[in-house]
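Accompanying notes for the structure given below.
Here the chain labels run A, B, C, D and E in written order, and each chain numbers its own residues starting at 1.
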Amino acid sequence: MSAPSILTARGLTKTYRTGGRIVPALDGVDIDLAAGETLAVVGASGSGKSTLARAILRLVELDAGTIHVGGRDFRRLAGAELRAERRRIQMVFQDPALALNPRGTVRSVVADPLRVHSLVEAGGQADAVAALLDRVGLPYAFADRPVHGISGGQRQRVAIARALATKPSILVLDEPVSALDVSVRGQILNLLLDLQRKERIAYLFISHDMGVVRAVADRVVVMSRGRIVENGSADAVFRSPRSPECRELLDAVPALPGR
Amino acid sequence: MKTLHEIVKSHDAIHRRTLLSSAAALAASAVVGQAAFAQTPRRGGRLVVAADSEPRNINPAIVASNGVFHVSSKIVEPLAEAAFGTPDGLAPRLALSWAGSADGLSATFRLRPNVTWHDGKPFTSADVAFSALEIWKKLQNLGRVVFKDLAAVDTPDLLTAVFRFSRPTPFQLIRNALPALTAVVPKHVYEGTDIGANRANAAPVGTGPFRFAETKPGEYTRLVRNPAYWAAGQPHLDEIVFRVLPDRAAAAGALEAGEVHLAAFSQVPLADLPRIGSVRGLSVVTKGYEALTYQLIVEINHRRPELADVRVRRAIAHAIDRDFVVKTVFLGYATASDSPVPKYDGQFHAPGLNAPGFDVARANALLDEAGYRRAAGGTRFKLRLLPAPFFNETRQFGAYLRQALAAIGIEAELVNNDAAAHLKAVYTDHAFDLSVGSPVYRGDPAISTTILAQGGLPAGVPFANQGGYQSAEMDALIARAAGMLDEKARTGLYHEFQRKVLADVPFVNVAEWGFTSVASSRLRNVDTNPRWAVSNWADVWLDA
Amino acid sequence: MTAEVLVRLAGAGVRYSAGLPAAIAGVSLSLARGERLAVIGESGSGKTTLALAMAGLLPAGSTVEGRIEWPAFGGAPKPGRDVGYVFQDPSGSLDPVMRVGDQLAEVAAAHGDADPHVNAVELIAQVELPDPVRTARAYPHELSGGQRQRIALALALAGRPSMLIADEATSALDPVVQKKLAELVVRLCRTNGLTLVFVTHDIALAAGLGTRIAVVYSARLAETGPAERVLSDPAHPYTKALLESHLGRDVPRGARVHAIEGQPPDPALALPGCRFALRCRHAVATCNRSEPGWAGARDDGAACILPAGMLR
Amino acid sequence: MRGARLVSRRLLGVVPVLAIVIVGTFFLLEASSGDAVDAYLVSTGGDRGLADQLRRDWGLDRSAWARLALFVSSLARFDLGWSVAFSRPVVEVVLERLPNTLLLMGTAIALAFGAGSILGIVAANRPGSAVDRALSLGSLAIYAIPGFWLGLVLIVVFAVQLRLLPSGGIETIASGKQGLERAGDIARHLVLPVAALGMVYLALYLRMMRAGMIETWRHDFVRAALARGLPRRQVVWRHIARNALLPLVTMLGLQAASMLGGSVVIESVFAVPGLGRLAHEAVAQRDTPLLLGVILVGAVVVIAANLAVDLLYAWLDPRVGAGPETAA
Amino acid sequence: MSALRRFAGSPDGVVGAGLLLSFAIVAVFAPVAYPEDPLSIVGGPLVRPFVDWSTPLGTDRLGRDLLAGLLHGARTSMLVGLFAALVAILLGAAVGVAAGLSGGWIDESLMRITEAFQTVPGFLLALAFISVVGPSLPMVVFAIALGAWTGPARVVRAEVLSIRERDFVAAARVIGMHPVEIAWREVLPHALPPVVSLASVIVAGAILTEAALSFLGLGDPNRVTWGGLIAEGRTVLRSAPYLSIVPGLALLSTVLAVHLTGEGIVAALAGRRSFQ
């Protein structure tokens, strides 16, 4: 860990109470993310990885812990200050069909963050939208299509464009390709890889698919029952997994014969 | 658009038919009555009567009202009851005779011997003294006025009660008040208790032909025969059950279904009478309500500058077609009224009154003269009209009056309130311009009639002059009559009172009406006195 | 192998209603007793329709073009008795308000089981759930997704069918659970001599399951054949692309991954040529003009004009 | 266990609800024109002194807050206060009427629920068939009939014309009947009001059940059950109907209040001495303690009905109270 | 567009909307056909229908034209129905959105108030309210809404609670959108459709409640209402049954039309039926 951390989370703790039982979703999780790197968070369902993603974005209120984004104590922010600071850290959700307002158009979705943060001058919106769409590989002709009228892969591109609009330094990617078809998955992964290469955005990449993780991650943390059970460079984790949970995940990746 | 008058004319035929049929009904009931006399009364049976309300306090000594009397008059008796064809219109009940002193300071009652209360104790003058002093004078809604000067009741013996007044009180008034205001209750039940909270108020003990048996709230009240009743051979019925039927349509249905024998107090809507009268086994009775006359009046708030002008008030009086009201609103079961004293009361009704006739042109002229010219839309001014919700007819007349006023350029907005709100709005808050009221005439103008024109009453007195009408002359007249001992002179003063009302128009009299009963043809003696529905029914019987 | 043929499709197609485009068309293939066929396709490709058609479970109102025959069953299969069907969503395919044991017993009884409740417990044991007696008393919501899907599997087997169709039965589960369930399905088929149709979008999963593979693309059968041959020597460029796109645990970090550019065509679009042509690296002019014919044997071939072996 | 937790949670929530109901009702009546004395004087008249004396006797001369405090403090002793309109304790008056209303409502809701759900299943069996069209349109028409109007028509036809059934009341008055004979008599009296009150709900349940059946038909587990070879009949009755019934059961609780409202009119049309009519009388008489008592008891009935429905629901649907699944 | 087509595809909806439209036309043109106050006395009392062609449907107890009353009554009934439903839905939606979005004690107290209103029978509440403030059209509208807003409130709240958890709302928070804008732009448009399908039930219920109030004598006396006509006719139900039957049928068919239209709307909102 040579590069300075732009996202530092310490002791994140969250419990859910369901029907009288107390279920720990996060139990003292620490996370460091350096600029421009990809940290993959993996785990089986119920391991707490999604809660982690949402907690870092303040979509879920934590019971305890601190989150520093770019040096600022993110959990202490509120109101307008929090909303302004959200520009630095954006998110791409698992299912683009659910993550885009079904009544929206491509333009309205992509332009929302521009408008909310007053990022473009009056009249400059069209150009900004066009530029964003171009960055995710969509023609400007798409701008006025309703979001329910485009394919899943295209929707995920729109979602990525929205996330890029505020020029964030961190993207939280919550299983960004698991709802997509195999033939589209590669396109989106490549897009993400290209973007990172060009713009040095740090990715917090949530996934349960070790194959996908292998393709994108610099470092990997493995979660189980709200705790981090393994943490290391991608190469190390894939070469010699230490925790049983990690081994199990690796074993579950189906392999093609002869590869 | 035809004028109302033309419409009435063009439909006169219909009205005549309605009138004829009701006359026929009258005749029929008279025949039934005669037939009844010819037959020997049958003993026994249960009479089921529709009751539209169930007052929780049915002590008639405290609450003198028809709703209470309807049930309690069978249990608790007054000193005397109204009667057809007797010298002063009275028949003895607990008192056998009565006389007032010339100075108006005392009245003597000789009481009926051998009368026992339902609990077996003997009835004596002490009961009368107690009822008069402790209840009528202190607690009774009407007695508080009539008996306000009652100072003492002497009981020289068990069967004599002498009322002593602190100020001269016309005996005529006392006499006229006997049927409604003098229900006698047993001293031994009430003495030393909180009279208002006494359980006997809900289950009265009396001397009447029927005893209170039980009540099931919301369902019925049952009375049973008093075997020890003082009138030999009476009563004929074994039981009377008052079945609670708050819904007017339900009462008609129950009658037709044979579930009840009698619906008194116009529980069957007037418009349904011609039809129900023709149902086999049912007949419509209009006799027997003569002393229970209600009046339809328009109360006027004189605080409104427009209405303070007598010409405007006269115009309103001229705008009302009384014949139309009688024929349409009351379907002929009423009489046009010219005075606050009903025509039925031959004693007090002033002869030769010249009531304002229906004359739209004259009304318009009066309003023009008063300076209230029609504006562009034809409206002179607007006002609020509050019809009392007590009767269908008061509401319907409200609807008619709105039309009649429109014809003379007065736009009235109807405001419907429920009973409590109406009372508050009109008689306490004076939040009205015109109101349709239905005061009861109780046999003597002093009981509940003169207060309709009397000035200076505090706010919050219902069914009294709350319209702000104030006339020194009128007040003096009322005061003089109240203290006048000489019957003739007193009557004369009340004639003058009526003429003064016609001249000043503190309010407008429109019609006077009694009620109707619908009774099973098996039921006999259903109209034997002028207060029949609230009398003791000792002579009523059910034919097989 | 001349094993008994269970189901045979000849130029089969399905339309859900008269106005809609065919959900699948022109499929010819047959399945013999004991075989395990993996049907691979993306969402909307028609793979589920194909599975439903083979199970004889097409909804009322849908029309079948071509022929679908079940020689071994002597007519359309009796649901549950001849063909057991496992649906994708493990939470949706169980009645939420009935104990799973009762649901099992109900199905067993419907197929003439004399002692359905005992059998229910046995079935639960068969799908390798712990404590079968207690599990039988559980309601679906009290079980995990993987456990529910095992119950669904048991329900499909309760009528002792000879064919099992699992429609994306593992896709909703996480990889660890998915793997175990897939292994169980294969084990059960082997021990009970069941014929399996396993529908999936994951070619690697299919590789581990099937003796045969059918690849479906945009309402057409792209390729079918023995698993070994299809995996090692795909005859259709789409099959090849799928194989290349697979992300195993050995993909090097940082390099671009294999991707198929473009989107599958809208199945509602009537295209003159090959439906994969627009995304195909090997496409030539004719590919855009006319739909390719079937090359190779009925049960071992592809809908592509490329000569065999070209993609090796 | 589940039931106990449900009950205790419900009961805890009841207190603030009742507090809102009491205070709201109290001040609504307080804001009205005319008080109990005005209402009383309507039938009697009387002078100002009488009115003042009555106001003193009935405690109406005290401030609204003082009277509210009095009511609440007596409520704490489980005393609902004194009805001025009936000169009796409110509890007595209310409890006298309660059984009639419960009988009327209970019968109406039970019959409506039973018949409605069965007819709904029948209608949904073949959507679009003649039977379905007839039931659907018929129920829609019934759903559109004003209950009071239906009541009038029923009385005219069955009580007056055909003389088959009594026109009103809850039993033959002062009949002295006992036991089974009395029960039969009450049942005869209930037929028409129950029909007038319950018909609308029958139509509602029919429609809901039909929609629920059709909706449930689309669920995967139905398709799955058929694919497993279960006979259609069995799937319809054991699986679809039971699941489709669940939303109806939820409705039952909500309906307790609306039925109590409907009974105001029906009880007055059929002269049934029940709570609905009593409430109407209490408003007319400005009898605040009585109205509060009726509404309080009505609220308790509604809450109890809801509780019963919750328990029934928990029994029918094992998912209730288990909490949401944990999602990561 | 497609929703409209789906509506047109529902025979119930088309028939209902057609009926409603004709009633609406009647309501709008009532003052043209009968410019006179419908409460004015124009004939003899209780003239039977089809006897005198100046009053084709006959007259009531006071000689008022039943047809004029019927036509003007359509105005009142539909106005009351629409406005009461509108007020109820707006009030309910506001409460539901506020409760669903704010959560915590605001949600808790709003839901307690809602429960309190649900615990008290709506009709009783309306009756008490009208008895207290006196019957006038705006008050009747308000009284009905008072008993009807809880349904929309609960539905909207439930919708909001579920929409609030949806990813696109989370996405709006992530980009830093203001909560008010989220409520207005992201949540509300999706929470309303279920309420729209509820609307027909509320409108129908409001029309019936108004009728029932008028029936108990709590309608605005300066307006003709169908409930009022039935109430007036009821006293002569046996001698002049047409007086309550005719307005009763008008009421029935209007409510039926509203329900049918509602069915059409539900069908239109249900959207595309997807096939696997």
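Everything that follows uses one rule, which is that a contact is a pair of C-beta atoms (placed from the backbone, for glycine too) under 8 Å apart; a residue touches a chain by one contact, two chains touch by 3 or more.
Remember, it's a predicted structure, so these values are computed and weren't measured experimentally.
Q: If you tally C-beta pairs in contact for every chain pair, which pair wins? Let me know.
A: B-D
Q: Counting only C-alpha atoms to place each centre, which chain is farthest from chain C?
A: In terms of C-alpha centroids, the chain at the greatest distance from chain C is B.
Q: Can you check how far apart chain B and chain C are, centre to centre, with Cα atoms defining each centre and the answer in Å?
A: 91
Q: Using mean CA coordinates as chain centres, what's the chain A-chain C distance in Å?
A: About 32 Å, centre to centre.
Q: From the mean C-alpha coordinate of chain C to that of chain D, what's the distance rounded to whole Å?
A: 53
Q: At what distance in angstrom does the C-alpha mean of chain E lie from that of chain B?
A: 43
Q: When you check chain B against every other chain, which residues touch at least two of them?
A: Where chain B meets two or more other chains at a single residue, that happens at 249, 256, 417-418, 421.
Q: Which residues belonging to chain E are in contact with no fewer than two other chains?
A: Only 131-132, 134, 234, 237-238 qualify.
Q: Can you list every residue of chain A that touches 2 or more other chains, as numbers and ranges?
A: Chain A, residues with two or more chain partners: 45.
Q: Hey, which residues of chain D end up touching chain C in the complex?
A: Going through chain D, the ones touching chain C are 219-221, 223-231, 234, 238-239, 242-243, 246, 316-319, 322, 325.
Q: Write out the stretch or stretches of chain E touching chain A in their complex.
A: Result: residues 166-168, 170-178, 181, 185-186, 189-190 of chain E touch chain A.
Q: Which bits of chain B are touching chain E when the two form their complex?
A: Residue positions touching the partner: 1-2, 4, 7, 10-11, 14-15, 248-249, 252, 256, 269, 271-272, 274-276, 328-329, 331, 387, 389, 392, 395-396, 398-400, 402-403, 406, 413-418, 421.
Q: Where on chain C does chain A make contact in their complex?
A: Within the complex, chain C touches chain A at residues 42-43, 145, 174-179, 201-205, 207-208, 228, 231-232, 241-243, 245-251, 253-254, 256-261, 263-264, 279.
Q: Where on chain D is chain B touching in the complex?
A: 32-36, 38-39, 41-52, 57, 85-88, 93, 96-97, 100, 152, 155-156, 159-160, 163, 166-170, 173-174, 268-274, 277-278, 283-286
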